[in-house]
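Residue numbering begins at 1 within each chain, and the chains themselves are lettered A, B, C and D in the order written.
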Amino acid sequence: MSTVRGFFTPRTATGRSSLVPAPPWYYSGDLLTVEYRTDPAKVAELLPGPLTLAEEDPGAVAVIWADWQSCSEGGEELLDPVRSQYKECFVVVRCSYQGRTYSRCVYIWVDKDFAIARGLHQGYPKKLGSIHMTRPHPFGQAAPRIGAGGLFGATLAAADRRLAQAVVRLREPSPSAGFVNGHPMAHNRWLPSIEPGAAPALNELISSGAAEFEGGQAWAGDAELELFDAPTEELAGLTVDEIIGGYYRQVGVVWNGGTLLERGAL
Amino acid sequence: MSTVRGFFTPRTATGRSSLVPAPPWYYSGDLLTVEYRTDPAKVAELLPGPLTLAEEDPGAVAVIWADWQSCSEGGEELLDPVRSQYKECFVVVRCSYQGRTYSRCVYIWVDKDFAIARGLHQGYPKKLGSIHMTRPHPFGQAAPRIGAGGLFGATLAAADRRLAQAVVRLREPSPSAGFVNGHPMAHNRWLPSIEPGAAPALNELISSGAAEFEGGQAWAGDAELELFDAPTEELAGLTVDEIIGGYYRQVGVVWNGGTLLERGAL
Amino acid sequence: MSTVRGFFTPRTATGRSSLVPAPPWYYSGDLLTVEYRTDPAKVAELLPGPLTLAEEDPGAVAVIWADWQSCSEGGEELLDPVRSQYKECFVVVRCSYQGRTYSRCVYIWVDKDFAIARGLHQGYPKKLGSIHMTRPHPFGQAAPRIGAGGLFGATLAAADRRLAQAVVRLREPSPSAGFVNGHPMAHNRWLPSIEPGAAPALNELISSGAAEFEGGQAWAGDAELELFDAPTEELAGLTVDEIIGGYYRQVGVVWNGGTLLERGAL
Amino acid sequence: MSTVRGFFTPRTATGRSSLVPAPPWYYSGDLLTVEYRTDPAKVAELLPGPLTLAEEDPGAVAVIWADWQSCSEGGEELLDPVRSQYKECFVVVRCSYQGRTYSRCVYIWVDKDFAIARGLHQGYPKKLGSIHMTRPHPFGQAAPRIGAGGLFGATLAAADRRLAQAVVRLREPSPSAGFVNGHPMAHNRWLPSIEPGAAPALNELISSGAAEFEGGQAWAGDAELELFDAPTEELAGLTVDEIIGGYYRQVGVVWNGGTLLERGAL
């Protein structure tokens, strides 16, 4: 009887075909964040029990664009960059679980399959999208610098419809790049049963966060954000009632697993 | 405490954001199949216990290209065809479980995210790829007809590398479009634990197949198949030792769930 | 001194690298057409002299989606279908030149580079877009048939924005698939000088049309059409004042060059 | 009689739809260059008269990957970055014309339509491709720094086949990023007549180069380069006989037109 190996499917005798190698996963990239307030009831709708609204600023939302380069141990993906580069746009709220505040990604779009696989593992509800964000560059007139007056745009589309667009004008250094995505993540990993009507096959509440983190100076500024409706998306339901701010930061992250908080009914 | 709904993530109060609606799922499409024999030991390597090699012709492999239009109940995806059309290329072997023969998809590439989500549910180990197959058409000189002499090509690429290409020349009507993919599927649904080193969070052997099927006349013909190596793929390891045949068929399929055969150790 | 060959760039000693081989070009495909009336002044704005508005129904516009397979002499692209398949959405008006009525494509989006190259040759003002149209299929519940009640959708996006979407419900056989695109095309081929401020390097009014044509039964039906604005597009300026009808037809076409009508000032 | 405006097609009353606005065009980006020697006869084959081989090092070739952000006057594309970002891979040789040495791009692939349009204007023989290059980043373990030991990969694919891949390991600062692409460009702008068999409609030898240039410190290092054959490509015919070196540099460029050197027979 053979044994198949691999961190993810497809699993084979060698494990080489796995859509994503085992963690730790390494990331280097740029984050553009817009934080705003929506009706807390809209956030509450996205929090399955036992999660509840965060006590402070419960309607705060972060929409984050990220332009990543990533790899696993050994870093061979870096020399075949089609396998290491991806962009994502994700929407984060906060919630409370057993008296502790967590961040939680409620919507996310990425542009590569290996990023989808990592998201399945980490509990990010990923879809494919087309994500673009202005890139800073030190030379020429076709790029902002990361500094006062730096002007950045970011867009998200999926299924041939634009879903979100933002503009951020940097103003000053900031102690952080926002607060909504600053906690450990509380995510559900969930998969229906293959048998119609049966209880879910997987139903976990898990937590994870960065194993290591380093970053450059965060910058804060003024932000505009537009969200657009679409037949299969509810992002625009998190209406932008009040902009909190816009942020830009370059970071390096290591992710290396998380913790099972509890299992739901199976 | 709120309840989130939806057949798949992201789950919301309405369920409208789910990457894929609940089954039944409806498919209309064309299948181009090349069947061949490889070393049965190469097939055995891809069969985790308790699956074993099929008793008859254990080294038989089918590489199948499919050009699908698909929808869920109500069919609204059909009027927004970016949400209903996708192509795939998948590799099927056979295996034995408790004395019964099953088909099993060991590798598969698709070009849309909703197809990836369905695959996670059905146990297909999907990656993204770029899939093309010649389309028959009744008019003009830029398409074959489905009939004697009809010449079809098909290609698969992923991560900017070509992985497979085939040519099939139709010769005669055939009672079937091959035998390798003709059984219920025996698939594993598998996801690692969020906690490094822990037992898998999901480890199921499931079976499923078409709930309904209709099809046109199958055609058989001569086939050529080339498989190319790539750093993260092992398809070329299933070497083409002897071509069995090539096939073309138009089909309509309904899929509506499956059966849990057994759970592996969690 | 060497000679470079090839119908198009890049030109080499063999001509093999040319982005598109020399005509004749062969096409097999499906056309979904929505015809409507807009303000004739909006059409007139798109007709450079000496072209003038067509005498009859001068505000008539056709938006046509096409799902093509195409090849050149020998047809080798058909076996490498990534090189033969493309989709397009194009907008056609009519105009008058020297007392004769011509069709004229004013906007067009395609999804392959070889189609862009052909358009440069033929005077179609092509951009890249993402084009989708419902595909008819004889089996299953995920496709309409070409016949009464057949329901087809079509969409166009570019630069991550949806630009147009249509729905057509077929009602009855029709003697034609509309009248707006039924004349020889009158197109400009135009390229600025490399020297700023100098007269254009290329400035031709040319005509071309199908060298051969065959087609199936055209079907007519009811149509809905929505056009959306975008920063770099003016399609929505051709407002839909009155729908004329929707059409579906499968066709085979050969294109093999055209005629220089006149040169503009160089 | 109406007038249509716009630097490029489609031309309209406002000019807003033009696939690319008028120059000047601004670029900020990163260049990874691999220079090597091939058989000069292979270079000569790609030089139409009156161009001849460069006198010194006539077999020198540069393969250059570029990751660009670009815009026109006003820079509005920078806030909608899907309209400003693109990548390209291009192959440059040198040639002699009237006693002066020029650089000449013989093959080039880009991933956006506005880049194709610029290339038509500038005489670059552009095709669409999928281009990737490792991106430097100051944080984390998933990116090299621009400095000694920095390891960069780059790949090119088109029509679902990999055409080229390179690895460069930076060793030391360098006075330049190579010499092959250091001259004004001598390019042909060429378009066949719409009338089969007639003389070309456009046949120009033009020259252009950067109107302004700024750049960071260039770095040189060791390089590997592999070229792969494909049915419609001849890049691999420029065989890699001897690697000269690899380079990395960040630059800012302005392009603002060129000069007509001579017209060929029309």
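Structure notes:
The rule is short, and it goes like this: a residue touches a chain if its C-beta (ideal position, glycine included) is under 8 Å from a C-beta of that chain, and two chains touch if they have at least 3 such contacts.
Everything quoted here is computed from the prediction, not taken from an experiment.
Among the remaining chains, the Cα-based centre furthest from that of chain A is the centre of C.
Centre-to-centre separation between chain A and chain D, using Cα means, comes to 35 Å.
Chain B has its Cα centroid 30 Å from the Cα centroid of chain A. With centres set at the average Cα position, the gap from chain A to chain C is 40 Å.
Taken residue by residue, chain C touches two or more other chains at 80, 82, 130, 132, 155, 160, whereas all remaining positions touch fewer.
Taken chain by chain, the contacts link every pair, so each chain touches all the others.
Of all residues in chain C, those touching chain B in their complex are 26-30, 68-71, 75, 78-82, 84-85, 130, 132-135, 137-144, 151-155, 165, 167, 214-216, 250-254. On chain D, the positions that touch chain B within their shared complex are 130, 132, 155, 157, 160-162. On chain C, the positions that touch chain D within their shared complex are 1-4, 7-14, 16-19, 22-23, 44-50, 52, 76, 80, 82-83, 106-108, 112-113, 116, 120-123, 125-128, 159-160, 188-196, 198, 201-202, 204, 206, 208, 231-234, 256-260.
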